[in-house]
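Note that the chains are named A, B and C in the order they appear, and that numbering of residues resets to 1 at the start of each chain.
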Amino acid sequence: MNRLLLALLPLLLAMPAAPARAGADVIVLQSTTSTRNSGLLDHLLPKFTARTGIEVRVVAVGTGQALKNARNGDGDALLVHARARELAFVAEGYGVLRCDVMYNDFVIVGPADDPAGIAGMRDAPAAFARIAAAGAIFVSRGDDSGTHVKERSLWRLAGIDPAAGAADWYREAGAGMGATLNIAAGMEGYTLTDRASWIAFANKRNLALLVEGDPRLFNQYGVILVNPARHPAVNFAAAKAFRDWLVGPEGQAAIAAFRVKGQQLFFPNADCGRAAQGPFQRTRPRPSGS
Amino acid sequence: MEDLGAAFGLALELMAAGDPELVGIVRLSLAVSLTAVAIACLLGMPLGALLASVPFRGRGAAIVFLDALMGLPPVVVGLFVYILLSNAGPLGALRLLYTPAAMILAQTILVTPIVAALSRELLAGLQEEYADQLRSLGIGPWRAIPTLLWEGRFGLATAALAGFGRAIAEVGAVMIVGGNIKHATRVMTTAIALETSKGEIALALALGLVLLALALFVTGAAALLRETAARLAHA
Amino acid sequence: MPEEGAILPLEVRGLGLAFGPRPALKEVTFALGPRGLTVVLGANGAGKSLLLRILHGLLPPGRGEIRWNGRPPGPAVWRRQAMVFQSPVLLRRSVAANIAFALAARGLPRAERRRRLAAALEGCGLDGLARRPARRLSGGEQQRVALARALALEPELLLLDEPTASLDPAATRAIESLLLRARDAGTRIVLVTHDVAQARRLAEEVIFLHAGRVIEQAPAAAFFAAPRSAAARAYIEGRLPA
């Protein structure tokens, strides 16, 4: 056996070298599935890398997980969408230099025959209330992601707490957007999804887009840098270069130019002003991209 | 159903085209899992031989514990390694999180108990057969370890293969500690999970078929090697 | 006079061993001189193998006293013995490698190992099989390898536990003639068997074991001509116990 292992040794040595993830020219971006699965990051990042020589490695998880990872210093920058929690993250001193970057919107999708009769409604909480009243299956992300946070806020606006009542029509997938859409398609259930994931999603089957256009379905993305005062090992300079590029004219134009199946999915609205930093922040280095 | 047909076509297409991204993913999968299995064998086989050969107080409990570790969920291992390697963790300074090294570490932890437990079971049988003869030759339990390992080499290859099967197929641990980063830490299983989450069922299935082909190739090659060796040598 | 460091003569007094409440060996007392071939004869379950294993240090004696040339048992004693088991336990490697393995385990210098290996192969008629995988040989050939391995150690005392019990007559003959040659060359041999005919062919001395006790110890000629005990008489005549 030992001889066999010796024979394997050259293979081990030939392993692709794993460059340290935070070398001078590499940053780790904690982001969400919506930005990766839609193809937006594949569209943006090569442009950024071509401009600066900085490689961006994307870990795409739910917003909750992304914030948790960044809290541990596992990542140099964040691109996520749960504004209140982002502001709290900054206020607690884990992040700095937050900017609004862009927005997209959520839509409610469900079975094309629409047993709850919500097609065409423009009031999202009212549509949720109708789903609950009909007892139609609703598949929740259930994973503490930005989408899940938004969904819970809509239930609150509708005056319903589906998770508390152990309602049998309310199913928590505990999964990413794509997996949740797969489940909704399989169960013929309703779900809330960001438009980007919906358009890029290839396994729609009997699902259809039923509700859109409510201003409350607006979904703001923000970029945050991990605070180097708390995690000195982060590649702050490169991360800041990324953030500056993203909110600068070149990044914003690239976001606007991104199309999936002919549709624009993300709308640039960079803002690094005081509002984007949240009201609580105290110890923040001077932002430079505003 | 049409997904299934499409998947087979797509799988053949992917393999025939030799798409560089897919080749990179396949190479990384093999490199990570084979390395992890190699380390697991270096650790697990002597450990299994030790548990088979050397009597000590608490050996029974140790064996039960080892057998239980075989059922370790990959996600739990992933979380454990994540906590270890996280920047805020005890080994954060090594900067290994989101690198293939982290994935190798996680898979090694996952696979070592499997290799050790299977080795122990196999070698305990051998030990029973050899114990008196070896003692007659003046070879005690400790010195018997290398002899048992060498005598059990063909059976141990099966333990290594079982470990490889577990490593190449697991997704939970490498997803967490590798991060499924394109061109850096994406392997077959995390790529499959990603395509599934995009709703690209046929593509995911096709990648699954490529993975299956890969596993078949490795186990087939190992079986062939083993049989030839056994025939030429002294089974 | 026994040479310096020799383990023989052997004296065993009051040896007893019990597994649970049933004694397997009781008050076993006998002595072995420095030369010759002693057969330990007896039915299955008489305790012959246990006795051999205790002498070889594979089993701890329950009670009683064992003195090897006046010294207590220990690794230094066991190193001067070799044992051949009923079913040969060969390693998964060539015939030559099996013998070389045993020599290496003794920590002999390389030149000495080479000399002994060649001698053992030649002496046991294994030259033609040296490169063959040991476990692929016939049962008789395998037992010959096991015997060659034991003899290569040049033991003062060679212990054999039913070495031909599962062999055909030709293979048995081969083993027996090797044993006689080894005896003639000065190796002290203790052979356990339940085969009366084999005992008649080989034994110079017989220890007859019955139900865990030594019933008789006598020169072979005397034993077979006039066994003193009823049990031995019945056994030699091939009568089944009632």
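Here is the rule we go by: a residue touches a chain if its C-beta (ideal position, glycine included) is under 8 Å from a C-beta of that chain, and two chains touch if they have at least 3 such contacts.
No experiment lies behind these values; they were computed from the predicted model shown.
Chemist: Classify the chain contact graph as line, ring, star, complete or other.
Modeler: line
Chemist: Quick check on this structure: which chain has its C-alpha centroid closest to the centroid of all protein C-alpha atoms?
Modeler: B
Chemist: Per the definition at the top, count C-beta pairs in contact and tell me whether A-B or B-C has more.
Modeler: Per the contact counts, A-B leads.
Chemist: How many angstrom lie between the centres of chain A and chain C, each centre taken as the mean Cα position?
Modeler: 79
Chemist: Hey, how far is the Cα centre of chain A from the one of chain B, in Å?
Modeler: 33
Chemist: Just the number, please: Cα centre separation of chain B and chain C in whole Å.
Modeler: 47
Chemist: Tell me, which residues of chain B touch at least two other chains?
Modeler: Answer for chain B, listing residues that touch two or more other chains: 153.
Chemist: Please give the residue numbers of chain C that touch chain B in the complex, ascending.
Modeler: Where chain C meets chain B, its residues are 53, 56-58, 75, 78-79, 82-83, 85, 89, 91-94, 97, 101-102, 105-106, 133-136, 153.
Chemist: Write out the stretch or stretches of chain B touching chain A in their complex.
Modeler: Touching chain A: residues 27-28, 31, 34-35, 38, 41-42, 45, 86-89, 92-93, 95, 97-101, 149-150, 152-153, 156-157, 160, 179-182, 184, 194, 196-201 of chain B.
Chemist: Mind listing the chain B positions that touch chain C in their complex?
Modeler: For this pair, the touching residues of chain B are 129-130, 132-133, 135-139, 143, 147, 151, 153-154, 233-235.
Chemist: Which residues of chain A touch chain B once you look at their complex with the stated criterion?
Modeler: 1-2, 4-5, 8-9, 11-12, 14-16, 18, 20-22, 28, 33, 37, 42, 57-60, 69, 71-74, 175-179, 181-182, 185, 200-204, 231, 233-234
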